[in-house]
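My structure is below; once you've seen it, I'll send some questions.
As written, the chains take the letters A, B, C and D, and residue 1 is the first residue of each chain.
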């Protein structure tokens, strides 16, 4: 109990600073398109739209614990929905967004049902084969999709009253959608659905015993997640103005998952970091080595995972944790006194243990999204058993 | 040619490509049994091994000498990969390790391109040209050879695991690494051994398929996808499942591609998908997988 | 099954009172410090019970002894320092740890599980160790202790009942011919009768093999029945140590520290 | 504690993001473009001065299509060679290569980088139909020339909304017409089986072939496609062999070309006339199959294959070989893609020479008004020609048959425009 109240107290004290941070971030986001060159604004726009897709994937993988290697397919479905509507029916851009969202939600629902039966790896690989199957399917449906030549559609155009350039306008529209999407993701996680999801991820059978309707929530997680990917795909069509089957190969799906893990699973801003990684690092790799950008890119992925095994989002926490451990006695003394009675939980940690219990000071339940995240420094360090070779000395 | 021989001919072709998938699926299954992860870089490591063999042969070494050298190099290379690339993230979440293998995939692919360029290389065919004619059905020696070698590899793995003490130790590590450590097993070394073995099996796979697919850095990319399908169908912890799954996927896609006009060659890749989905809905652990195996 | 003898005294133990010597042991997970400096000794051939409420640090103590968690301070077994060693090394020094939750190899058969236990003696190493015959004999010995395991020797460990799995885990640990056997909550999740049987076997093993045993138990009655000495842990510190008999008889103390009544034991 | 850490991290992330983007500290629109004076008044001179000319190219240096990335090396080697000789009309060429990994969104990003940040004069070559189609709207809107794209889709020449974009190599339909004409002459009753790559390349060629043989005695009796992600085409080849066709039209990229040729050679029961399309006709594709297995294979070409010994003493080929050794030592001169890069770069050289105004408009017009321009690495009778209503620079190809260890050209060069009339949508 002490811990919880203490944590709440400090939270209250820090709230103004938090508000300030949010304000600054908002100002930066709004000011960016006036500061940067159009090309860079375009890059930022791409980061934002990938972030939407990653946030969706995060709902499923990070919070739901189901791995999907097929989200590129939902992304493609959203993109094609928008492109076909624009191309065939000339509906205007805004109309495509709800259609893509609803379409992908339903598609996700359809996939969520069989996904219930599949666990972990098997789900990942079935979704991967779906992603492999999609491009030839799109090519086959030539009358609608334009076949392998793809479809070229109008990009988003700024209305006259805005006085903005095309990039700036696109950026703001995408920013707005992204902010709504990220907030929605956050609220989803704080809702009953989100808590249920977390409970399911951490202990499926226990959650079921507690009365969580497992199948419903898992299916919904898939649907929500697909919807986010579809929205991102729709934005993609707005920004790029061109879709083709080969734009959405299974590599896209793998890239999305890699981006999410690099950014930080189960973290609310991990998707942003992951999207930035996916967007910028390939160019950086090329700047380092023109002969073989892949060599550099591959090494960078590996290096990031070495330095931040729980993703970039977990990195600050890890660094702080490492620093505080380097300053041992002072903090230890502080730690000891008030919480001695909350520590013992660790003793009953089952071996090959799961994440949350190893972190004794988390006021579990109060802030599920951040407290139960595996993007947590303690996870990797706790490692009592089940992570065999780490302590081995030869 | 009658309809029956025609069908049989297609089945043979399917078995030929199925054996190719199965050979890589074996390596995937091996790694998965030990570490519970899916190694995306498995195909690329196999490709790299094949280049080693190619380089040796190109520099004048006879094929049958180059082969064991390559296998030894691959074994050592696999162990090194475990030690250098995988060990540092051993305690991290499983997905982190998987993404590291994705990074390794990109790295190895680009590295091979850098060293050997993307030009197609011819690789010596260890099996004689020509083939058998069985009642009008043509069976190439190379197809037979691939199937034969895959069967042998599967058999050797089975013997190793079920009938040797090192195999017992390896199974124990795969099953419960913590308890294995408490029993005095150097789990780290056994994991290295597992990666080395998988890399060796992968090298066999690469050397087998290179004469048919032609060697270039993207040679194993397509095979990997089908090997995934094979392992998923057969069950990700069963070597027998990997082989049966591979053959099944190969035959199924060849037959539907050839006989079901609506599906055609472009959509035949969807056939294994549907079959896998159907099988997994009934048996979530794959055809030969064990339901009990559940990793934390 | 014979009525448990209640007077296991220190006299039974050997003349090596510091066979296992723990001094100033600190250990924890990450930033959580669980053990706050433990000091105790176990004599060779002794059964030592570590008791205490949930979360007192009992499991962590065993984990520190077998190298599963890192600790500070000093732990010597027969004069050799154990801290700073990995579980693999600890096993080589004769420490056999039966972890909480049994830790059997569920995909392996019963016999394979036992053989893994003797892995260090037969080795995978081709240098060969002249103990194959001895291992085979030990297998028979384990089957004698646990006849149920013999019946199920070809069955997968995962298919055994909880009690059988616990027997298997102990059997596997004994196959190491350990000089120190660590048992973590052997009674967890088992029916009382099964637990009783299990503890009797542990006692028999201790008596016949002269194996030193440290057992962590929440069920103080049972543990005290087979133990020579007992230590009571609370919040990472020793609050009570002494001969098992004395602790068992000092009901009030036990009640205060263990939160359980140990007096009614004789009723059964 | 954790919440503020999170917020701080979020702030740090935002900051990092912005600084990553902040390569140039201003909006960067001020000096967006420059224009010419004098006779060329008002035309864009961005990226070109009296001393320099800045070009950009987008190639797949990574990813599944990286085999084609080496084209950029041939191009770069040519420009370095030209710079060594004083440049193009006194202008040194600066050639910037960017990698799109064969992904259209990446191509858009890189095209914008080249145009807006690097301020190139022209985007010389984008590789592949998807990437080219993804960027051509943008480039045409920006009025940036996109000459000689490295894809043979017919769209580049039949579209009239994109005057700034033009292809170079003979389009796939034209190539199909060459084979159709050959069969009409030699095997007017041929039954044809087609193996094709399931993308614009394969479909364009197959469609063009079907159209060109329409009404003749030639029939397409079987067609099988493959995806670039497929591991092999052996199943497709088995299916095709059931058709008992007497001609196999093999529309593949190099690796699959080798596989198909090898599969055909292995199958002793079916021996069709094997026509392999130009992309997969390099000696580097045939050599791994074994020359003895590819005797009599027919193809068509328009430029000199550096792996073919018959050109070993060709002066331009010698120049190419020497330059490549000197400027791109890590590139294999025998790789036909390097020679392709060289040939297309020297074609651009000719077009730049022909500009009336040294402006973007000048280049746009020059590439659409080429009159029988000879380029050293092209076959002797193949020239670049464009004009009003003809936006296909190369439309002539020559048939060749593999004999011994080399391709042997036969017949007269086929000018598909003359034979079949202009291409329409």
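To be clear about the criterion, a residue touches a chain if its C-beta (ideal position, glycine included) is under 8 Å from a C-beta of that chain, and two chains touch if they have at least 3 such contacts.
Because the structure is predicted, anything quoted here is derived from the model rather than measured.
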Pair exhibiting more inter-chain C-beta contacts, A-B or B-D: A-B
Chain at maximum distance from subunit A, centres defined as averaged CA atoms: C
Distance from the mean Cα position of subunit D to that of subunit C, given in whole angstrom: 73
CA centroid of subunit A to CA centroid of subunit C, Å: 45
Averaged-CA centre spacing for the pair subunit B and subunit A, given as whole angstrom: 31
Centre-of-Cα separation between subunit D and subunit B, whole angstrom: 35
Multi-partner residues of subunit C (each touching 2 or more other chains): 68, 86, 88, 99, 103
Set of subunit D residues in contact with two or more other chains: 62, 64, 66, 198, 227, 229
Interface hub residues of subunit B, defined as touching at least two other chains: 106, 110, 113, 176, 178, 180-181, 186-187, 225, 266, 269
Residues of subunit D touching subunit A in the complex: 1-18, 20-24, 26-29, 61-64, 66, 97-99, 101-106, 108-110, 112-113, 115-117, 129-130, 133-134, 137-138, 153, 155, 198-200, 203, 227, 229, 330
Interfacial residue positions of subunit A with respect to subunit B in the complex: 61, 67, 114, 117-122, 124-126, 128-130, 132-133, 136-137, 139-140, 250, 254, 257-258, 261-262, 265, 291-295, 297-302, 305-306, 309-311, 351-352, 354, 374, 379-380, 383, 385-390, 392, 394
Interfacial residue positions of subunit C with respect to subunit B in the complex: 66, 68, 86-88, 91-92, 96-97, 99, 103-108, 112, 115-117, 119-120, 122-124, 156, 158, 172, 176
Touch list for subunit B against partner subunit D, complex: 1, 6, 9-10, 13-14, 16-17, 20-21, 106, 110, 113, 117-123, 129-131, 138, 140, 142, 209, 212-214, 216-223, 225-226, 253-254, 257-258, 264-266, 268-269
Contacting residues of subunit D [partner subunit B, same complex]: 62, 64, 66-67, 69-70, 198, 224-227, 229-232, 234-236, 238-239, 242, 254-255, 258-259, 262, 266-269, 284-285, 287-290, 331-332, 335
